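Letters A, B and C name the chains as they come in the text, with residue numbers starting at 1 for each one.
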Amino acid sequence: MNPFKLAWIYLRIGVMNELQYRVNFFIQLLQTSVALATGLIGLSLVFGQVDKLAGWTRAELLAVMGVHILMGGVIRSAIQPNMERLMNDVLNGTLDFALTKPADAQTLVSVREFRFWQLTDVLVGLVVIGVAVNQLQTGMDALQVLAFIAALIMGAVMLYCVWLMVTSIAFWVIRVSEIVNLFEGLYAAGRWPVSVYPDWLRTGLTFLVPVAFAVTVPAEAMTNRLTGETMLFAFGLTLLFAILARAVWLIGLRSYSGASA
Amino acid sequence: MRRYIDYYLASMRISILQQFQYRVANYFYMIGMIAEPVIYLVVWSTIANQQGGVVGGYTPGAFAAYYIVWTLVRNMNIVFTPYGWEERIREGSLSMDLMRPIHPIHFDIAFFAGWKVVVIVLWLPLAAFLTWVFKPTFDVTWMEAVVFFIAIWGAYLIRTMLLSLLGMITFWTTRVSAIFELYFGLELILSGRLVPMTLMPQWVQNLSTYLPFKWTFFFPIEALVGGMSTQDLWAGVGMQILWIVVGASILSVVWRAAIRQFSAVGG
Amino acid sequence: MSTVVSISQLAKYYQVPEREAGLKASIASLFNRKYKNIKAVDGITFDIGAGEVVGFLGPNGAGKTTTLKMLSGLLHPTSGDVRVLGYEPRHRSHDYLKQITLVMGNRNQLTWDLPALDSFDLQRAVYGIPADQFKRTRDEFIELLELKDLVNKPVRNLSLGERMKMEIVAALLHQPKVLFLDEPTIGLDVTMQRRIRTFVAEYNKRYNATVLLTSHYMADVEALCKRVIVIHHGRILFDGDLSKLVSQFSSYKTLSLSLQNTDVELSKYGEVVGREDGRVTLRVPKAQTSQVTARLLSDLQVDDLTVEDAPVDDVIDQVFSQKEDA
């Protein structure tokens, strides 16, 4: 079955399910607001001391924060729930249900969970981005917007691939839930543009956990920093990650099916 | 009294044995946790370097020292989550706890205390690694080390009181997420976890002196790395003791009301 | 024999908000909160003497667990008096708690990842048991239940039955004078149930402890209790010798038949209490069971036949309906 159609089917079910719990919207909104408030306080503390941080102005850093929140919402609504369920399935041996369905297994395990109310973060992120773009005064032309959206999509795909690869380790190691903690910690690094970090850290944040590409590059698209080279590089990296992830998944799957008797 | 010491030792022993079995999981958790202070450290060091080496009295080396000690204090601050009370009440484990001829909070304190012993041991190599990477400037006197050791346990006890009180709200309503999240947000800012309190605007610093938060986080760290005077060091310990006493008093009142509520409605 | 448990007109009422489904009702409930009064325990009275083993029988929701919780101090009564060992349970004095124990069938007290021995040591510290007394009691119990090889294994590696044995040992290490056992054998296989029953009986004999036992299983009660108290809808329906209860109310057996042809007239064999899809259920007086069974097998084409004791719920219902008539 066509992966998009599959995703759409699961999305509808997930949304209908969660709409029952309207209170979750307010809880999520509150959590995000508290996180946003602390982020803004952090930002004002920084800009109480300096005018620019590693070459980024306050409005530009606000844009970075907005993208970070938005991407965080995408992760927590679409990527993380699926990966956590995958981990559980491998641990408990219930992955078989997914494997016996007439659809590509990777697609299935990647789209069947969706936490609707986490989209609140996407909304809040967009609002923050809007405020930041407004403050930037330079505005965004159509090409920039296109680049921004493309960068976001590529960033999300890269994060998904890395998540899938790490989760696939469960095929061999079984207990990977602690690694999720690491991931969440590392994603927090995306609050700031990658140029703030020392070189050695920057490499890790670009290739190991592509936070740099998920957050900084879209922010660069908005703030006139994006070069054609970076976009090309991002595209190449996305492709590389996608192929790697698919390979790791297939190998892991083979080992899983071989092991369960 | 002897019986309580015996109980604490027995509970801590069990906790240590148990947590040692989970040392790998504990390690991963601690490693994931250092991301937060490292990010703060990097950002503030960048600012310091931009400003000619110092910001708010802290050099990058001083920031490194602050945030490395931060990692231990953060771990000492982890106590039974207020979200856990809902499960306790619902699952009935609270009923069984109430059958014991010892106040349930003693088990919480003892159990987590034992866990902290394991945490402290696991932390040492992590601290060594961070020191090697970030090159903090350390200038510690014996007095500071002693007060620090007292202060981290004081912080542990204060936070136990605070979060137990928070968790007990669950006895009256299960719609507690909003209150908890607000509390954690406030705590993040007012405790010294986000930045050293001395970098905050003056009015925030004044406010935080009257609240318990800074005594669970900022004070222990500063005791070790801040070059405080002997008078200030011991005055700080005094404040911690004050907050523990205040917390315990409020706790015993609220607890009695909570149990009355629980016994009326049943678990 | 001194009185250990004394209950007089004990009652526990709950107020539960009542609301119908639908939007209109939701809005209405904002202004006019309607409450339903639930009478979990509705005025019960009994005394229990030292060393007695008493069974509480009754279907779900009858009030058994609520009564036990009031006796152990977890619930405050709405009205009435309750005294155990001279204490008022709801004050939950430490001296009181040291003399009683509450065991609930599916509750875990033991630390999951460590051997039971470690949990036993923790119990010693909790109850302040003197070291030599503790060792003696612990070793005595381990021997009685044959746990020597198991006490050093982490609790998570034990089977459900083995775990339950450990839980009971842990619950009795402080030599309580009064035992409140709430469904202690639930979920266990028959052999395990028997072991635990034997152990409780032995403890009762050696320490002259008073035991209150609630159970679904007639077998638990039959094995341990001379006296039963039947509770239904929060009221006592029967309080007396078990033998009298059994002979009075459990005088029937239930026959369950699978027949080729279910249209056959069966009333001459016994009372037909159920007929569906090829299965017929007959109620037959105990004394006539073998006779009727033989006749059925010779007269009819029987695919399958099972003989069962009247289920406890039926017995209770019978007791209840009898009280209503009287």
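FYI, a contact is a pair of C-beta atoms (placed from the backbone, for glycine too) under 8 Å apart; a residue touches a chain by one contact, two chains touch by 3 or more.
The structure displayed is predicted, hence computed values, not measured ones.
**Q** Of the chains shown, whose Cα centre falls closest to the middle of all protein Cα atoms?
**A** When every chain is reduced to its C-alpha mean, the one closest to the whole-protein mean is B.
**Q** Averaging each chain's C-alpha atoms to get its centre, pick out the one most distant from chain C.
**A** A
**Q** Please compute the C-alpha centroid of chain A, do the same for chain B, then give the distance between them in whole Å.
**A** Computed value for the inter-centroid distance: 30 Å.
**Q** In whole angstrom, what separates the CA-based centres of chain A and chain C?
**A** 53
**Q** Roughly how far is chain B from chain C, going centre to centre by Cα mean, in whole Å?
**A** 45
**Q** Among the residues of chain B, which ones contact at least 2 other chains?
**A** Counting only residues that touch two or more other chains, chain B contributes none.
**Q** Contact residues on chain B for chain C in the complex?
**A** 3, 6-7, 9-11, 13-14, 17-18, 21-22, 92-93, 95-96, 98-102, 260, 263-267
**Q** Residues of chain B touching chain A in their complex?
**A** Listed in rising order, the residues of chain B that touch chain A are 24-25, 28-29, 31-36, 38-39, 42-43, 46-47, 50-51, 55-56, 175, 177-178, 181-182, 184-185, 188-189, 194-195, 199-201.
**Q** Could you list, by residue number, the parts of chain C that touch chain B in their complex?
**A** Touch list, chain C to chain B: 14, 66, 69, 72-76, 90, 92, 94-95, 97-98, 100-102, 104, 107, 109, 111, 113-114, 118-119, 121-122, 124-128.
**Q** For chain A, which residues count as touching chain B in their complex?
**A** Counting only chain A, the residues touching chain B are 23, 26-27, 30-31, 34-35, 37-38, 41-42, 45-46, 48-50, 52-54, 178-179, 181-186, 188-189, 191-192, 196-198, 201.
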